[in-house]
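Letters A, B, C and D name the chains as they come in the text, with residue numbers starting at 1 for each one.
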Amino acid sequence: MPLTGADVAKHNSKASLWMIIHGKVYDLTEFAPSHPGGERILLKYAGKDATEEYDPIHPPGTIDEALAPEKHLGEVDLATLSAEQQVVETVKPRLAEGEAPPSLDMCLNLDDIERAAEKLLKPKAWAYYRSAADDEKTFNWNRDSFFSVRLRPRVLRDVTDVDLTTTLLGHRSSLPIYVAPAAMGRLAHPEGEKCLARVAASQGFPYMISANASVSYEEIAQQAKSGQTLFYQLYVNRDRKKSEAILEKVAKLGYKAICVTVDAPVAGKRERDERAKLDEEAAEDPNMRKAVASTGPNAPDAPQDEPSQGIAQALGSYVDPTLSWDDLSWVRRASGGLPIIVKGIQRAEDAALAAHYGANAIILSNHGGRQCEGAPSSLETLLEIRKFEPRVLDKVEVWCDGGFRRGTDVLKALALGAKAVGIGRPFMYSLAFGDAGVQKVATILRDELAQNTRLLGATSLEEVVPAMVNARALENAIYDGPYESPIKSVLAKL
Amino acid sequence: MPLTGADVAKHNSKASLWMIIHGKVYDLTEFAPSHPGGERILLKYAGKDATEEYDPIHPPGTIDEALAPEKHLGEVDLATLSAEQQVVETVKPRLAEGEAPPSLDMCLNLDDIERAAEKLLKPKAWAYYRSAADDEKTFNWNRDSFFSVRLRPRVLRDVTDVDLTTTLLGHRSSLPIYVAPAAMGRLAHPEGEKCLARVAASQGFPYMISANASVSYEEIAQQAKSGQTLFYQLYVNRDRKKSEAILEKVAKLGYKAICVTVDAPVAGKRERDERAKLDEEAAEDPNMRKAVASTGPNAPDAPQDEPSQGIAQALGSYVDPTLSWDDLSWVRRASGGLPIIVKGIQRAEDAALAAHYGANAIILSNHGGRQCEGAPSSLETLLEIRKFEPRVLDKVEVWCDGGFRRGTDVLKALALGAKAVGIGRPFMYSLAFGDAGVQKVATILRDELAQNTRLLGATSLEEVVPAMVNARALENAIYDGPYESPIKSVLAKL
Amino acid sequence: MPLTGADVAKHNSKASLWMIIHGKVYDLTEFAPSHPGGERILLKYAGKDATEEYDPIHPPGTIDEALAPEKHLGEVDLATLSAEQQVVETVKPRLAEGEAPPSLDMCLNLDDIERAAEKLLKPKAWAYYRSAADDEKTFNWNRDSFFSVRLRPRVLRDVTDVDLTTTLLGHRSSLPIYVAPAAMGRLAHPEGEKCLARVAASQGFPYMISANASVSYEEIAQQAKSGQTLFYQLYVNRDRKKSEAILEKVAKLGYKAICVTVDAPVAGKRERDERAKLDEEAAEDPNMRKAVASTGPNAPDAPQDEPSQGIAQALGSYVDPTLSWDDLSWVRRASGGLPIIVKGIQRAEDAALAAHYGANAIILSNHGGRQCEGAPSSLETLLEIRKFEPRVLDKVEVWCDGGFRRGTDVLKALALGAKAVGIGRPFMYSLAFGDAGVQKVATILRDELAQNTRLLGATSLEEVVPAMVNARALENAIYDGPYESPIKSVLAKL
Amino acid sequence: MPLTGADVAKHNSKASLWMIIHGKVYDLTEFAPSHPGGERILLKYAGKDATEEYDPIHPPGTIDEALAPEKHLGEVDLATLSAEQQVVETVKPRLAEGEAPPSLDMCLNLDDIERAAEKLLKPKAWAYYRSAADDEKTFNWNRDSFFSVRLRPRVLRDVTDVDLTTTLLGHRSSLPIYVAPAAMGRLAHPEGEKCLARVAASQGFPYMISANASVSYEEIAQQAKSGQTLFYQLYVNRDRKKSEAILEKVAKLGYKAICVTVDAPVAGKRERDERAKLDEEAAEDPNMRKAVASTGPNAPDAPQDEPSQGIAQALGSYVDPTLSWDDLSWVRRASGGLPIIVKGIQRAEDAALAAHYGANAIILSNHGGRQCEGAPSSLETLLEIRKFEPRVLDKVEVWCDGGFRRGTDVLKALALGAKAVGIGRPFMYSLAFGDAGVQKVATILRDELAQNTRLLGATSLEEVVPAMVNARALENAIYDGPYESPIKSVLAKL
């Protein structure tokens, strides 16, 4: 006989903490303190049905794997739940009253899709995807840095046929782009990352799944098209065994390379994300917003509450901050020898070190402006590498991400030596429209790339060379030293 | 006996597609798939009277020439048309209720005329003239680049008399300007390009007719004043014979030179133009705007519709993308030896190549920011030529266009070595006022040129030399290499 | 017996043009075509009382001197004027209904006074003072250029006493400023330029009267305080005899130097000023604003009306555009040997030429951004002189004007070598408050200068040296050649 | 028997000026002319209860110390005061009607706290804290200058543990920050500076008390935690004996160093502060705002009123403008040999001089943009020192202040050589929330510093070296000479 709502409702505290998910009851009392997303959120749902909150941010099976079988308390009769137990998210609608929802047909470019997503997504989802560190200056600069680079189109070349194909780590791609890893696709669409992987397959470019995807990498691999190129993005776990287990499985499932993210030993301060969480809490507890102007002299040593966390903080809590260069070989071994992509290179020295330590590709990235406010755009890091460590471009594949929204943005990076470009947020935004949205992003990029390659007077990506761009305005501000070769000091230590 | 509305109405599909234009019925069933503007627009008007849509964007006689005589089905009795057959364009008025239309008398400068045109023109016409590529950053930069160049006025020179005349390819001009080629003048005024040609004649500067003019080059030649300088802008057709036929006629009609546009092997992405089209379609089909958030997993491989095209896409469909340097001599031969102007040079290498391949003049142009987003302004290309290929300035005439709105803009280009400047959009906007508007643009430019030449302490255009400007801020960002002489590699191939 | 309104009303055309001013009737029939302000404005007032329009823009006695005695037709009985003859200016009020007029007490800086003046002055007066050439970019740049220069304050100096006095051409001044010449003071206040001269006397700095002052230089000289330093600004008349007559009188009246304005051989295009005039005309003739979209093919050669003129155009019509360097010695001779100030130097070459031709002081000026749009700010010209012609600073006094609003602005120019700074518009705006306003401007500048000289760690203007400023950002954009010494070519001609 | 309201009310003029403060009556007739805040404000409260105005801007006991005992006239029966005698500040509320006051819980960063303070503080308090010199361009530039410097994060370093401690003049600090001296804490909170000192103690970083604190340095010392580091900021008094008396007491009370402020020999022009005062006066005297457009010719020599003073002007009136380098040794002697910090260095020459004259630390500061408009940001001065006087960084500790709002701002200064950073306004704003607010500011900075140090790949502040930043954009505009070593000229004088 199933449990009743009343049975569950009593276990609503730290002392005994039960929760309903998809009609099943779980005892989380022991697990709660080690919940990666913090204990507070569990207490909020203690004794209640947490399905709606749980679902979009956990891959299926997460709770079943995390809890020992004896904590699975069986089914509950959903008809017996009290109104209070049936938690419904309070969502501030983005559409004005009577406003028609935006249509994919009216979207001509990636910014249109972003604006549509802002209207269509739940505020929390929008805040998570869109948020960036601190004052979002790096986020904005990522975008703005493209215009300071001019193109130098050449004319009167036969551009009837244009070949946009390339290879990434030897795997053919129909375009010089790949789906950059971004978490929590199911916040936007029930099929989440599955849509991304399906469209990447049909379009013929690689899909790199996020370590924090809301669909498991197993599912993605299972639905993969034959020959589809999948990469796996790893955040190394404080418990290295867990990472090793993942890497072994990933390799067996046919993933073609491991991407180690190195710019996030701790999560950045994403205030938009945190604010969305605070707004949600304040909506539930009106007292929270009231001024505390009268706080007196006895307050200073009062203990601080656990700070309110956005999704990013919650997700990043298991990441190992001890990760260092020597660990790259451990990753390779654990994956059975898969190629390594190092994501998050932000200075020429580290590009050289990555090459030295055997990386097969590096991604110049500031994590979409989500980590260190003040970091250079990927174009700047690319120019810095050209200036101080030009040989890196011959040794490893250099990929870029961050702020790419136009075909010309991609062409500028390619001209300066990048092999491919990762597209992150636009694909996440497009999930508001499901597969059709993702397809549209790919199509827009393909069309813009084809059109502008022709307008540059080129017929293949090999012809998109440094002389195709004027980056002097940006070069004028590139780091000018002191510069010390990092390899020397590495060798010196041996 | 004429046909009736009912007779025509039945032929409203791909299977049988009739259309009424100027009271005559045409059978477009076979022609439709090859219509340069796409099939969709024809289906929209199938079985109906398309005169209002057809008229401003096709030179008279277009349909008669395009269709074999047996497709001319005779007259229709217009009185018998159903309401649905009488298509009336739905135009969102730009004037607020009760707002007086702008007056030419109140226009003091070219921007005033632009603002007036925005109010007076049909949205579709405005969108076509005003649109530019992608985010319109190049469009804006064209305009902004002028202010970063300072003038260096000299004083205490006798400037009583100032001579603004010059020659273009040996033809005398009263001003260092010409009417730049721009399509579809009849979108703005029933007389369209005729107004432009008439005022150019009365003012004494050259008129360069667009290949896509909505008045035929024959008509323009017929109404030309004796001694008027006319140039013909060519887009080379995929069917070279068609271009040869045009060139032969153009030469016979007295056109003085052929301008080959080289920056548009494919059309740029002009979203304002495309959006105007989408808005029109959405106004007709309210379902189009509705969100498609529910599109599921089966969608990704669904065929894409023919994309909605703006006017630019439609117009450019016949352009030959194989055109290359060697074809310049073919153009010259086909025109019986007329001088060649190469329009759309955007880098120093191509300026040198144009001179090498025998061009008589080159136009530094990014097509008004309508083609490759990120291209340099004409001032930048001019400075690049001064830096890398200064001898080009001695070999060919260098003209500029793009964003010129003030007399001082023109003087800055002349000081840096340009021989003349093309004025495009302002003349198109001024068509909202017919000949009087075009006249006003010419008069404003003449007055500003005379005034500022005097304020520079010059009395003729020969005195407007490099030392008259301080372009250092712009020079600081000019391309700085790698630079390889293109002539060397051309010679090497021989 | 006086004339009646009816007598005068009949003479309201070119054929016979009478006008009433201050109760007297004048026959302007013959004079009209040569009226410096154009004939149109006279026709507007033909047969009517023009006192209100005439008064603020003509020094007393202008009409009596301009017309032969027989054109003075005697008095009119003002009681007999018809309503239509009593022209009252239609002024759009700047204050919102119920808004209190701004108070001088609330003005803390020169911008406050400008904002107050915009509210208090008649629109036409505001438009005349405030207007600048074309898009007012040079006007704005004049102001903005100051912030790009940083100060380098030094500390721990005894700054108890600070001496702000200097000399201009040997005449002691209590501050390193002078009242720059600006026309038409009586547009703002019935006492007009008298207020300026009085306050300059009481404050102890020079007053330079405009050639187009609305109070005559005789009156100014008559009311001058003993020892007051007055300079006279000359626009050389096409009729040189007239200028010679003025110079002779000016010298006798005790003016200390002649300022020759060289940047205005023709007036700049001041659209704000022109627009104010058009607005006035349109208010009177509603048809003027109506759109002329239907203007047909027969229009192009139609004669253009006399263009509507702002005050600037009207005032400048007598200026001699043939003026050249050799004429400086003529000015000196005609003034009996007074020192010569050349106003409007905008490039280093001309600074050198002015020194060569014997100028005693030069004013780096772009006429407040009212003449050549695109001209350098006075700080830029100063830096250009430091770069190419540094010896000029030893040979002549260098003064600056244009956009100075703060004590620190003045100190930046002084540090870079200027001897004094002209303040124009702020004094004109302050006339809205009469003497008290002018006094306030002087006091604010004095206080800001004293305060910031101390904050710079200086106690006298001699200590305000180049090392007190960091002008590198500006220097980076200073003209970089080609540069040819103008003196060489002058000597070569001899 | 206490005095009555009527007794006091009669003494309401210069002739006899009594005032009530905290229920006691004082005779200020003789004192008034020497009141540091000006006589006008005393006359405003003559015969009335001034407690509310007096309280937040005077440390307790100020009046008792300032007046001889015979001027203490005894108590007044507050019940007998007339309505007019009970002055209540007229405060324009910042919160819209029905708007909830901002909550500290919703503040994620220092800007949030500033915005909250703007809503919560009295207008006069806000104006005093927030105001800056002239047009506040230096104030804004302080903030903006940080973004032009990029960080160069390095990756794959073990950043588990991060040590943010440092020493200031040998005193351990838990963070590389200190509370910068700012006056008038009790304008924001009854406990004022006590809150700041308490939190500094609990957090473990130094507190530098302002010479114009509204809580006395004695009180602060009395409540100090054992081992707490306190610094004293001195404005040298025109009466040096007074300063000597203070320094002796300060040393005895355990203050660890004396900070001599050198950038304020006179107060800057803080218009926001002055305007707040004017607004207050105008609210009381509506006639003050009325326009004086009719002021006639007799006005110019009329005496000017005592100018309205903001708080800054009032506070600074006792500061000695004769202070010079040689006085540093006097300060040291008078304090019994305490270390000297020189605050307000704005050029490399003065940094070298400070080191030469024995300063132990220097603070690169433009006084929060409150003194000399146009002064460099502290980052610029730091770069200038690196360029011209790099050895200064080895000789003295270099601290910075002005515009620091983010952990990354602090890290940029440290990377370029600063030892610590002063936080001023944010702490003052946070007083709106009392201790809890101050605590929050400290916590936010600590969290941001820890997070970004890790993101830079550093684990201690020693690793935050010049190669961690790209300051080239700023370097491109650093002063480029003429530069003369100040030490040479000092030695030459010996």
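FYI, contacts are C-beta pairs under 8 Å (C-beta built on N, C-alpha and C of every residue); 3 or more make two chains touch, one makes a residue touch a chain.
In UniProt terms, the chains line up like this: A, B, C, D = L-lactate dehydrogenase (cytochrome).
As the structure is a prediction and not an experimental result, all values here were calculated from the model.
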Type of chain A:chain D copy interface by residue overlap (half), same or different: different
Gap in Å, rounded to a whole number, between the CA centres of chain D and chain B: 62
Separation of chain C from chain D, taking each centre as the mean of its C-alpha atoms, in whole Å: 44
Of all residues in chain A, the ones touching two or more other chains: 476
Every chain pair in contact, whichever chains are involved: A-B, A-D, B-C, C-D
Residue ranges of chain B in contact with chain A within the complex: 134-135, 137, 262-263, 265-266, 268-269, 271, 274-275, 278, 282, 288-302, 304, 321-325, 327-328, 342, 344-347, 349-350, 353, 371-376, 380, 476-480, 482-484
Sites on chain C touched by chain D in the complex: 100-106, 108-109, 111, 116, 120, 146-147, 149-160, 191, 194-195, 198-199, 202, 406, 408, 412, 432-439, 443, 447-448, 451-452, 454-456, 466-467, 470, 472-473, 475-476
